[in-house]
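Two complexes, one shared chain (subunit A), two partners (subunit B, subunit C).
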Partner chain A sequence: MLNKSVISILNKTKNVFQFRCFSSKVPSIPVQTLEKKETERIKLDTNTISLLERLSLVKCDTDEGVKVLEDSIAFANKILHINTDKIEPLYTVLENQNLTLREDKITQGNCQADILKNAVLKEEEYFVAPPGNIPLHEVQIESNKQTKQVKNEN
Partner chain B sequence: MNKLTTYSIKEIHKSFRDKLLTPTSFVDLCIQRARQTKELNAFINITDEEAENHAIESEKRVYVEKKSKPLDGITIAIKDNFCTKNIHTTCASNMLKNFVPTYDATVYSRLIGSGACLVGKSNLDEFAMGSGTVDSIFGPTRNPWCYSEDWRISGGSSGGSAVAVATGSCVAGIGSDTGGSTRNPAALCGVVGLKPTYGLVSRYGLIPLVNSMDVPGILTRNIDDLIVILNCVAGPDILDSTTIKKDFKPIKIIDDIDMSKIKIGIPSEYYCEGMSEDVLDVWRSVADLLENEKCQVCTVSLPHTSVSIAVYSILNQCEVASNMARYDGLEYGLRASEDYSTEELYASTRSEGFNNVVRSRIFAGNYFLLSRNYDKYFLKALKLRRLIADDFNKVFHGENSVDLLLTPTTLSEAPLYKDFTSKHNRDQCAFQDYCTQPANMAGIPAISVPIRLSKNNLPLSIQLMGPTLSEELMLNVAKKIETTLTSETLKNLNVSIENLPQKCQNLLQQAAESQSVLEIDNLDSVSISLHRSREISEKLQDEYEILKLKQRNAELQAKIDRNNRSLQELRKELESSKQSLTRQNPNPDNIQDHIKQLKQKLTSYEENYEKAKSKYAVLSVPEAVLPKSLISQVTSLLALQEEATSLKQRADDISLMKEARETFNRLRR
Partner chain C sequence: MKYSMLSKRLLYTYNKIHKCGISSHYKKEWQSVVGLEVHAQLNTESKLFSGAENTFGGLVNNCVSLFDAAIPGTLPVLNKKCVELGVLTALALSCKVNEVSSFDRKHYFYADLPAGYQITQQRAPLANDGAIHFQVYTPGIHKKPYNKSSKIKQIQLEQDSGKSLHDAELKRSLVDLNRAGAPLIELVFEPDLEDGEEAAALVKELVLIVQRLGVCTGRMEEGALRVDANVSIRRVGDPLSTRTEIKNIGSVRGVAGAIQHEIERQQSILENGGHIINETRAWDAIAKITIPMRDKEVVQDYRYMPEPNLPPLRVNLNTIEDNEDVISVPLIKERIPELPEESRTKLIAKYELRPEIAVQLVNEPVLLEFFQKIIVEKARNPSKVANLLLNDLLTVLNKRKINVTYCPITVKQLEELVDLLLDKKISLEICRKTINELVENTSFSPIDIIKQKGWLLITDEAEITKNCVKVIENNPKLVKQYKEGKIKVFKALLGILSKTTDNKLDMSIASKKFEELLKK
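Let's look at the complex of A and B:
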């Protein structure tokens, strides 16, 4: 009984030794990053933020949102120092492949009902949009004024 | 006994054949499991109706038509950013909460076309932006490996699919992989996760995040299943212009693969700050395992790895800003009540519809794309992307090239939810995607393979990467790792039973005994008899059908014989009548001609007769010249004529008398 267990323990350790008999090729220290170590503080002016709001068509974000944006920019800035002279941008990994041309034939159609199916508001067979040509910020300035007025009244 | 989590596709199909399971019963089991594990929140929508319909069709094919397809009765979960016709597809966002696509994603239609059954649409980070499946409007998905008050995240963004596969709610899950979204949850939930070569699997119907990096991913419990699924979904698609045009050759497992010819590279840059000791240990042990299997293992360098994550984050946010422009509330998706102006409607719709992660990425993306920043950030990032892709090219195709790369998948085991959410989504992605996103940058295939459990009993995985379209080699090596680990685990188990303390052995024996007893008890006698009688009735039914067919066959044969005989008789009759006809003269064939000839003869005779008559009429013949016989005949003729007239007169008299008598009688009366 004792012998048996000793042998099996030996077998086990032998396995372990066998398993570990190679000097592993996995590195023993973490890599030195090419990123710039120091993080500079980014501060965006209100003009830029309102421009981004107009472009993004997302309403005024909170202070936290602005901070996240500034962090994102700071993170991106860490790689700007790397030399990329004479390097062409890589737009797609399939850049060496041709796109196929298909035959000039109609393959789709009669899907008006399908296309309109998910619209919340429609009139007959049209999508409906409110009046255009009114830039976003006019409204917000107006609404700000309104809220100020309300406050004043209070 | 519940083996849902151990069944492979092969085993399931065998149990279908042996009638231990049927497609419908198996799908029911999976749906039941999905319901039981509802707390984990793997599914946004359990599609039991579709599953049932698919299962019934599978059952028909398997048992009635006997033409089964490669995925008949195999349950799948589809990440909720793949379009499914007439089934809600939400992207876990308020923006698409009520969106019902009118077409199927190619991946989904190919799976269903191969016989798969849809169990449900699985949870994800909103628009697949995240690495934890914590930012979903339907709540976070929980890791099934450690579920208590301090629960752990499932990884993401395809966390729902990974958990569904890990819990046995489905056999395979479909995810999407932009920066590691399939491999990360696969690693944290202990399942296999494949990111195929960019363009190998169609993106048609996958709601886009980063078009130049997105690929549909596959999650399964083992490599064999993964290959079956990949073989069904891969290949060119006319609906996605970015699929690789080359025909896809189905992947096969080579049983006696020569490992000594395979070169494995260990990229030193993948050991970054913050990698846990557990993960490093697994990485080392798999490197040693492959070396033990006689692979050539060497250290290689991919120098630009450490900047890849920052480059990825720029490109991701730029493409997101552009991709999210489609959500304006007019054509589909959420529409805010604002109606002052179009832009106002857009802005309020997008603010209501997107969570703060999506909004902040749109913001940052638009910042990098401002015309003053375009070159500085966007083009710079694209140039760095080429450097990163070139690193891979050199390692795979340059001097001292290697066939595959071995790296960790994640930097740690599954983090606790409270730790994970203490950091912002952006920071988390920058950390969690470190090892996975380079493969997306270069468009190369990568697979995450579960290896063993950590000290906290959580799954740990490693990642294999290969050059473009090297799936076959990569999956073969992954399979080799899988089988080696399984046999080793089994060996260890065998050894350990003997070495266990006496008490444990007794307990184990007891458990085994009770299990065997339980199994017999578990088998319901009624169901056994039902099963048997069903088998018998099926057999009888078959025999009856055969007998019926034989009977009909015999009847038909008899009929045919009878018909043959009558046909022969008819033939004989025809033959004899023909013969008799030929013997007859005139032949019926020329009887008309004969008649004509006769008629002509007749007319000529008549003419002759007329001529002779006229001739003779002119001549006055003296009585003496006339022959005696003729004279006597004439006289007798005259006498006869006289007699006839006298007789006629008598007859007239008689009739007259008769009439007179009758009138007299009448009068008398």
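Let's look at the complex of A and C:
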């Protein structure tokens, strides 16, 4: 009898103890994780790497770069097996708030000097950049002109 | 020499016959499929997400805020007016406005896109599922207007990019960010058009609609409304084949020309056993051809992702309660004015105009305004007024390369002219001449010009009789033929009459008088 009551008291204190622990986000005992421990490491071929480089404009074809990339893929792959069907993705914790709307008034701009301050190359008040996507025939015409010029020089 | 030429020609003829033979033997007819995407710049004071001025032709790189130049640490704040104008357009095109919509980043690297991405609406656009109804009628191509409609897949808000000037000589681009971040709506249409003329008619109708709504200036020459066309062709009954995209077409006739050219180009490739590749092409309005663009050789990956800096956009679909951040859609619905389709129906019902006349009149908003003023001011023959505006006034203006918007002739002058014509005081030819004079000398009234030039029609019977008698005396042969029963000769005689009097006689009175005299 006595033993039983002692145990029950102990149980209660244990509950209290556990209760106090809830204030921490860190679980007191190890919890099972959904994360997959072992994943197959994906090897990237050079074509994929050059495509990714083109898409991101980030150079990563060094040994170290490839390792970082493959590590990132391995890291993301750990949770890929979790079933997320019918679960709306959360992309902002503010999704229950309404987007703030602004009155249509001119309050900014008119600061040409500031805007151009960081430009390495300027022409009059324009930024100077490498040529973008020009229609192909313009390029051909241009190369024709060049060959003509070369001929003239000869 | 001669022999080889001959054999070449024979070979050519042989090939021609041979090819025709095959094609008529088993090939079914070609069918072209066209779908449009239209970008329209919104009429606002400031930009979509920043407080910089939204203007055309400002001082280079001056209408740019730090956000527009993608300076780190700046954040987007949505312009309320853009949401209102987007919703207004969506409602006018009977779209379903979405209660919740959201923004996404579309990535690509281009010198005039400083952030490396464009904020647009990919997953949940502002509105879906609408339709545009319009009349297809190009004088000289179609005999009569016909009804056509195209479904709208979605309408979305998005940022414009900056502008690049290409300096081919020095191999560089000059970038102006004034347009970067300017507000656009993109309208995505289903591929349910068949040729360039239908696409051009759709674009024309859309321009009229956005102008009436006050959403966009519709000035295609300024790039305020830009058209991308997806074109593919197939044999009747076959599945859709590979399509090409023609980017940034800048005029209504350009839309018709670019699509027509692209259809013909694809047809000749396929007929010669080639393949169409999925590519982006540009329209060269001067050479009248489409040309491939260097970009997009591989399938683009835009790496769409939700824009983390913008929570979802919500609108009130049910009540007329307008909240600071949640605008009322029913309130905006009340702002929709009369749309072009309704105007045409009214013109046909109320004034009994022919459908093609109604289409042309509605296509020229300035002339439509003239028409309504002239008709309302006093009951006048609507068909004749419309004809005067569309045929005579427009011809003179076009010949002098004057945009109708800047027509120097006033409504009052036109009213006077219409009355002179309808009262038969002047002939149609004199009327045209007077319009020509008025364009040069706007200070005169039509009647002054006509009197000054001595163009008034002669309605005086004695004067007319005198002239008729003269013609009868001078043409005894024809008169004799007429009296012997050759009634056709009468027309020839009338021609002589009007020629000898410089078209100054009122021919309706003159022909009666002439007949009387001849029958005596």
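Going forward, the second predicted complex is superposed on the first by the 101 of 154 C-alpha atoms of A that agree within 3 Å, B and C clash if a C-alpha of one lies under 4 Å from a C-alpha of the other, contacts with A are read in each partner's own complex, and residues count from 1 in each chain.
Just so it is clear, a residue touches a chain if its C-beta (ideal position, glycine included) is under 8 Å from a C-beta of that chain, and two chains touch if they have at least 3 such contacts.
All values reported here derive from a predicted model rather than from experimental measurement.
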Comparing the two partners subunit B and subunit C, which touches a greater set of residues in subunit A: B
Subunit B versus subunit C as contact partner of A:74, first or second or both or neither: neither
Touching partner for A:120 - first (subunit B), second (subunit C), both, neither: first
Contacts of A:84 with subunit B and subunit C, given as first, second, both or neither: first
First, second, both or neither for A:102, with subunit B first and subunit C second: both
Touching partner for A:29 - first (subunit B), second (subunit C), both, neither: first
Partner chain(s) touched by A:92 [first = subunit B, second = subunit C, both, neither]: both
First (subunit B), second (subunit C), both or neither touched by A:58: first
Footprint overlap on subunit A, where subunit B in one structure and subunit C in the other make contact: 51, 55, 57, 91-92, 94, 97-100, 102, 111, 114-115, 127-136, 139
Residue numbers on subunit A that touch subunit C, as the complex places them: 51, 55, 57, 91-92, 94-95, 97-112, 114-116, 123-139, 142
Residue ranges of subunit B touching subunit A (in the complex, touch as defined): 98-100, 102-103, 198-199, 212, 238, 241-242, 244-245, 266, 268-273, 275, 280, 283-285, 287-289, 291-292, 297-299, 303-307, 310-311, 313-314, 317, 321, 328-335, 338-348, 350-351, 354, 356, 359-360, 362-364, 366-368, 370, 376-377, 379-387, 389, 424, 426-427, 430, 442-443, 468, 491, 495, 498-499
Partner subunit A, residues of subunit C touching it in the complex: 44-46, 50-53, 59-69, 77-83, 107, 109-112, 116, 164-168, 171-177, 282, 284, 291-295, 298, 301, 303, 306, 308, 310-314, 324-327
Footprint of subunit B on subunit A - complex, ascending: 4-5, 8-9, 11-12, 15, 18-22, 24-27, 29-35, 48, 51-53, 55-59, 61, 64-65, 68-69, 71-73, 75-76, 78-80, 82, 84, 87-94, 97-100, 102, 111, 114-115, 117-121, 127-136, 139
